[in-house]
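Just below sit the structures, each encoded as structure tokens.
Two complexes are shown next, each including chain A; its partner changes from chain B in the first to chain C in the second.
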Partner chain A sequence: MFLPLIAVPLLLAGSALAVFTDEAWNVDYHYALLGHPKQSTSFFHQPNPSSRASLIFTLSEEGVLGAINPRDGAVVWRQVLLPGASAHNASFLRAGEGQDVVISGIGSQVAAWSAGDGRQAWSLDVNGPVEDVEILELVDGKDASGAKDAVALSGGDHPLVQRLDGATGAVKWQHQLGGTDAPYQVSASTTEVFAISLHKTILGYLKLKVTSLDPVTGHKTDEHMLSSENELATAETIVTVGANSASPIIAWTDSAHSVLKVNIMGTKGISSFEIEKHDGQAVERVELHAPYHLNSLSHFLVHYQTATSHWAEVFHVDLKNGKVGKAYSLPKLSGRGAFSTSTSDANVYFTRVTRNEVMTVSSASHGILGRWSVDGFNVAAGEGEEIEPIHAVSDVSVRGDTVSAVRSAVLLSTGDWVLLRDGSPVWDRPEMLASTVSATFASPAEMETLVQQLEAEAHSNPIQAYIHRVSRHLHDLQRLPSFILSLPQKIVQGFLGTSADGGIATDSFGFHQIIACATKDGRLVAVDAGNPDKVLWNQQVADLQPGQIWQPSVSSPRGGVIEISSKASAGVQYNASSGEQLASILPIDLAADQTAQEVKYTMHDGGLEATVDSSTTWHFMPTSGERIVSLVPRPVNDPVASIGKVLGDRRVLYKYLDPNLALLVTANDAARAATFYVLNTVSGAILYSNVHSGVDVSSPIASMLSENWFTYSFTAEALGDSPKGHQLVVGELFESLVANDRGLLSSTANYSSMQTGTEPFTLTKIYQIPEAVSKMAVTRTRQGITSRQLLAVLADSSAVVGIPYGVLDPRRPINRDPSKDEQAEGLVRYSPVIDFDPKWYLNHQREVVGVKDVITSPALLESTSLLFAYGLDIFGTRLSPSFSFDVLGKDFNKFQMLATVAALAVATFVVAPLVMRKQVNSRWQFM
Partner chain B sequence: MAGQLPPPPPPQWVLDLTSTTTPSKPKSGSIPDPPGFTSTTALTTKQSKSSSKAITPRKQPSPDEMDTLKLKKAWELALAPAKQLPMNAIGMYMSGNSLQIFSIMMVFMLFKGPITAVLNIQSTFQRLETETNRTQMLGVKAAFVGCNLLALALGLWKVNGMGLLPTTRSDWLAWETAREPLERAYYVPS
Partner chain C sequence: MRSLLTLLCATLASAASLNIAILPSLHLPNPSLLPPSTHAVLIGPPGVRYDAALRRDNTLKFEALPEASYLLTIYSRDHFFPPLRVDVSKVTDGAEQQTIEAWQTFRGNEWSNKGSPYGSGTDALSIQIQASAQKEFYQTRGGFDMLGFLKSPMILMGLVSVVFIFGLPYIMDNMDPEMKQEFEEMQKKGPLTGSQGAATQMQNFDVAGWLAGKK
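What follows is the complex of A and B.
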């Protein structure tokens, strides 16, 4: 009677697993993200010079180069140029006018990419970090038709200016910038190339040194120092070193932002402008927006930002006498604003985006050519938070003298990148999620209130509980009219089989869990796993200074609550559904383990240290030369349905189940070895250890521990007769390897690891896998009945695979076919190579780039586990490792079933009188 | 006065209609036979009876002979289940040990048959039991019960083969609980 119940998951475990076609694209979701775009590396550009259609190109803070379709916000192509880049990495992206390539510079690489499809045209590694890249818009006459050349400035020990061939990337000439000056930027006018470097004076101030070079030969024609006196303390107050306009300019301010100085490159004169004070508030930011084309008017706009307001001034450069003059100013508006420059032929347009409106002015006069009000950006934000535009890039359509339409890709203070077409939001890309550092699943607060109410009823006396329930039901009656109204629609949807599962409140399967992501810039963003198209809420939870690194960890101590804690601050709790901060912080109560004595262990001085009531119980120090790579404790909430494994002959192999297990990985860089320990974290005992030599310790070592098994993978170097390869090791811990034997402790109800140390019997198997695994996780279900799937992140192929445990089982028989009993268990003959079955790829056709971690959570259905992968991209799906045995799939045809029932009913009514007549006739008609 | 004539005999059709020669149960369910309807079977049996009677009038057996005959018949009844055993066993063997609707139904019938037979033992042998052969009948009944038990044993064997008897450790695994540790360790990120 009982065997079948236990055997069901075992039998299912052996069967192949797959992503079904009707589930692909349906249960999974994916945000192909780029990361926060930078103002300086984002622009509209026509990938095909002959067509008017343009794409938005950006090289983000995360080091990802991508092209976005401005119509729907979809990624046309993207390339990860520098994995793990941050906002501090200097990066450059340029596109020449009428060119079908974009040229990027990041790290020490300059590369050209086909603008239409993202294929690399060429790349060049320069010596030292790239300091600037510009496109030489020269009209040489000889190669006007070909690709435009690029000028790259590289830093390092020997700063170089190089002219690179636009078609091949070959170096045409290079000029060494002598001296100790730090190279800063490069710029080009029609006749000259300017290299600007920062010269440090004795007093510690900076001076700008401009070196003019001949663009054809690369010879130095002139060099002069700009007399910036004592104004430049740091390079940060240099506003701009304008590029590629008819008259490139250098602008800088003093550290107090009280005066703006402008120099036209190639001249020595400096124009000085007082920055007027508004309301006595200090100017926080000065930005300069200038057109990027040689043949456009040499006008530019300076944007001033204070804490509460912003305004701008437009300047004109008189090319004949080299004078800079103020033309007009744009009025002060409260809040933040973003300005962007667009050109149309020679005309220059400035588009101003504020929280209330978008307007466009011409650079020549202050008359407003187009003005559209913005009703809202249609993105989630924290309560009471004003959504502000941070920066924008715009594309202006000009018809006659007016601007007929303007499209602006605006980065908002919430981290969303939205496109406003004539002031109304068209799409939004939640780019803040690309910098997720920690994430957790939490059940919605709505579900939790019901649970709490039911608990309250269970714990009060019957009469009170009855009154409570009646009042609750009366309260629920308020929802009846809306329920009745929605009923016909529900029935129709259910009938046609198109019913999408409802909202969070009516989620009976537990698919609608809330995923809270803490991002690098101090925001907490919540997404509904069942309806991932929309960000639920998005809050600033930490005020970070620029450059400050935040290492939060997000967790869900109770249902409906998200707790965020970091090194600097204690845990702060938030309502999972609304994002409201909870006033009182409730202590984490682990009701089940109140009687258990608590041992706390932590990483300390390169080892582990455990304490009980502030007295140290054990130490773990890796041997000299070893460093701890990772520590994976068994999850606190790791339900196990059965304490033993049922063999084919119905005997039992008992699992070694101890909640206090941890898998510790140490690496020895000198000996190129990795050691793996399974520790009992109460007593500090080593239950299992294994050393692998010839390990490539620089490649990722992924490890995972769950239930009574652990797994890890590493890259083995070629050693002797064994080739280089990636290995996956699986170990399973048993009480005893003899069937029906429950080990030394037998069936005692409880035990103390401090007093009785039992050691598990460990079976391990090594498999060769085709690719390095960068991170591992395991599926989790509500009761642990469903078989497990090991989730492995493959960084090289941008994929997540789910490997069924049956494939990894360390009990697979070696060198023989499985016996009948073993076959009944689903064991197959051991083969040392595991090929990743294409059906295991959970992302199927999607390309999930830059996944740093994978988290899983059980749904309410036993069959289903939710998965969420984050890093650069966001990817989530639902998994049923033993198939969806408790829910009807999409292939179930409700209509067919109902039609069959109806047809049978009709048939019964039609046939009944016929049968009756026949029976009567058989009595009456004699012969 | 003698004008009081006896009532005329009813006509033939009335006699036919009211004749009690239609005691046969209607063949099909709830539909009553038409009045006056005589089932063909009733007619034929009557005819055959009358015809056989006409040919050889049967001689009634003596009570002793009757007892012997009854006992013989009783033994036949008692051993009938045993005769079915080999066929049942082959059937069970052929249906396999998998849990399918067919084999489950067969096993159910295998259990149901002997149990109902044993419960109805009195009514089975009632016809054959007389005052004189009562003691001998006890042996017959015991044999009947024994044969049915054999059939039950076959069922048990089958159920065991299907793995439905909780005889192994794994069947009781669900009642075994995991040992509770007295200590819990928590990792505190430093």
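What follows is the complex of A and C.
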């Protein structure tokens, strides 16, 4: 009896965990994402002016700046400029023609980044929110370095226009925009710098104020107000304020989108154009696309979008008399369209991407230079959902008078960012996953159908069950021919060790679990953990208004089903494999445990309140000055294989196992202290508490509770002789600290946390760790036999580490070497510092940026736990905390085994006659 | 957080700046190959944290640091860097200037335990730092090793017996007849071999007779 009990922990204790060379890059998967690219901050640019190869640059809504290789969609480099940014944050990204840097503006920082490798060239804090950044294309002649200067407009209390040196970021001049007008944009022509601010009239309308500045000195040369009458109610109807063109323009419409007004900057004249109505539908959106180069033709395109169709008009600016005239229009097409501008020398090309085709026209005439049909974007979408292009950036290759090829990076309505080369999709980046807010594992629906059928057989009468079974087997027989046909291939692959994992239906290890991710913009996206290269399905589940925030939570109430619920709505269920919505009226499960009572928790006046059947059972009120930071309960599905810890001398320490445990963290901002409580969530009893002072309460405090142990980490300030840095505390709860003794619980057969108030004995250890942990999770296996690993997200290293429990064990002996019994348990001497071994980095060389949460799920194999991390990047892997003891891994050399068998066979055949002859000889010779 | 920091910077109007240059070393022969995600973090008193990205010239720059004691950590994908302690304090006599000093520090030791100094300066400090180790992420599996295989005692025993089986008859054949005769005599006298030897008796044991009760 004792032998198996002791054998398991002993086997598992000595494991030095690591990522194996043959498993890295194969078992794990990673989407290095940027987030939703914005039209205004995405472009093709050559990072090295001497080479023609260009990269796609973008500064996304999530505040991530990145360069994408247009060939395969891989990230060349990226920088998180503003963690936790959203679509509300204004951000700017500019690249000067022939420059090897890109200049970003977000938050209060303007920075230049080396376009080829993503290193910072310079950065500047502008003391206020950045309202606009432009590059001054004009050449002074004095500057030999060739770095073009930038102009930044900052808001805040003292709006400023600053000219920044292109090489160092030093401020060359600054001009204070006086008055109460809100700074809006900055723009530059060959001779002047314009600062545009919004002046609010008494009636509440906006007027555009244009301030002209001398680019060399920064002195004001002119200031005038544009007579926008009473058209501008909000800044949203300003279509564009162009920049860096031969003649920058300002364009705006009235709120009904019935008239378009255009002003050439620096002049006072306004050209007015009626927006024609098509089919009586209101124009929803007006966008202007203009080239971004000084030496390009001053042509621009205006894109009109209604609910069902779109069209565009191209305008020419006559530089001599300062007149704007309409040149031609592009016909109306149904659905949405995306327009993009590209330049080649002075020529300007407009590329139009619709759901059916890509075509390119020259800005000079309406003749189509290139046209390619789009057969599909090759991305997953909901059933019946029409995939529409939202916006695009294009790169055209011009040969003679025709466009020979066009590459367009198109953001689709599904959230995918795809590259179309001549109309056919080349790569796809699932950028919608970068805004995942909640995720869950679910077993595939295919696996559940067999379970359901077996259950149906078990619950019907024998004859029906027999018929059901025979028909099921007959149905299975249909697959036999294809199975036999695939058999030789399978054997060969198995022999060579090249066999890939099977599909979802043939998954016997439980690696093919479906991960459903709910994204910020109301979509539900599913990925197969065993085959993560492709998104399984992706559909809109919530109809959100722009700017609306929802807080969904995804869960899997039973196999094959995903349930999504938010504050506003009850749970809606989906088939895990297909994404099909299940009947909204759910069958009520009568077999559910009627005796179980739910305890509900609510935050109430800064405290925690628990209610059973609408009557309050207990309150938790933090002391004055404290606020609740987090409450982490023990996971619902947390199997524990053994109720005790087997010691080296085969005695047992009993674990304090209670399903109703939670770890509560409170912080005191004034006293810089954090308190940690282990609560019994039914009775409200405090089982353990500890206060740490000198804690940085503004940095993340991660905590986790599982089985009978808890852990938390925080950043501490040096107080007196204490060290400064990051600390990790581990505590383990026991029924008693005397071996083979269950304390007060030994005599009781039943146990209720309402009646008996047994308190656990807690052992804790504190460790110094090299960096802050932003989130913690723990591995989970099917039976809980496998030892556990603490998963810690390291935001500074962009990593997820798996720390073996043996390293954290609070029973590590202090100031002495472990005794023989303790050695048998795998305990090592306590040392106050845990250095994260690079071999614990589950992501190894990958950089997993912006992880907000980590979820784990048991596989069917006891040895294996699945992990999925989301936030900005998506990262997943399989973990075997006690090595893969129940499956032959990659380390199993099939060839070596077969060679050994063959060698033994040969040896037997060779030796057999020799032995036979010897035996015969010995008889005949000595008898 | 960011606005708090700018506020701090604005109110203190401090000018202390820190410039860290990464030098080539044994573990990192070419610092220009460091990934762009390499960054340095200064942790001051609770709530104060500065982050600097790696620059093109392999430096990390912090500007306008207020007076405090900081922990400096450099994070890089492939290399470890030693943690440093950076103190910014007022010059005792001058009103406007600040002293900035840097030392090595040791994790898990009291904060006052400073290691070798990296330098000190007034208002500005440039220090040089080297990577302390390279990160080894991967564990190779113990593959098939011929020498190790041959060294194992089981295989050694097997090999010895093979030598005896094949080698002994050969040696016997090559012995001179006198010695061979002597050897055979010795074998016959041995308790196991010869016609009265235990082994021969065992081989010639009459099982059927014994079962039939023959004495």
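In this text, the second predicted complex is superposed on the first by the 866 of 927 C-alpha atoms of A that agree within 3 Å, B and C clash if a C-alpha of one lies under 4 Å from a C-alpha of the other, contacts with A are read in each partner's own complex, and residues count from 1 in each chain.
Convention: a residue touches a chain if its C-beta (ideal position, glycine included) is under 8 Å from a C-beta of that chain, and two chains touch if they have at least 3 such contacts.
Please read these numbers as outputs of a predicted model, since none were measured by experiment.
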Touched partner set for A:Q896, first chain B, second chain C, both or neither: second
Contacts of A:G725 with chain B and chain C, given as first, second, both or neither: second
Touching partner for A:T414 - first (chain B), second (chain C), both, neither: neither
Contacts of A:I643 with chain B and chain C, given as first, second, both or neither: first
Partner chain(s) touched by A:R651 [first = chain B, second = chain C, both, neither]: first
Which of chain B and chain C A:H604 touches, first, second, both or neither: first
First, second, both or neither for A:Q789, with chain B first and chain C second: neither
Touching partner for A:Q120 - first (chain B), second (chain C), both, neither: second
Residues of chain A that lie at the interface with chain B and also at the interface with chain C: 923
Contacting residues of chain B [partner chain A, same complex]: 26-29, 31, 33-34, 37, 99, 163-164, 166, 168-174, 176-190
Of all residues in chain A, those that touch chain B in their complex: 1-6, 553, 590, 593, 595-604, 610, 612, 631, 633, 636, 640, 642-644, 646-647, 649-652, 657-660, 662, 681-682, 739-740, 742, 745, 747-754, 919-920, 922-924
List of chain C residues in touch with chain A within their complex: 1-3, 6, 9-10, 35-37, 39, 41, 43, 45-47, 49, 53-56, 63, 69, 71, 73, 75, 77-78, 83, 107-112, 135-141, 144, 194-195, 200, 203
Interface residues, chain A side, partner chain C - complex: 16, 18-22, 24, 77, 79, 107-108, 111, 114, 117-123, 125, 127, 672, 694-699, 715, 717-718, 721-725, 768, 770-771, 796-798, 831-833, 835, 838-839, 841, 844-845, 847, 849, 890-891, 893, 896, 923, 926-927
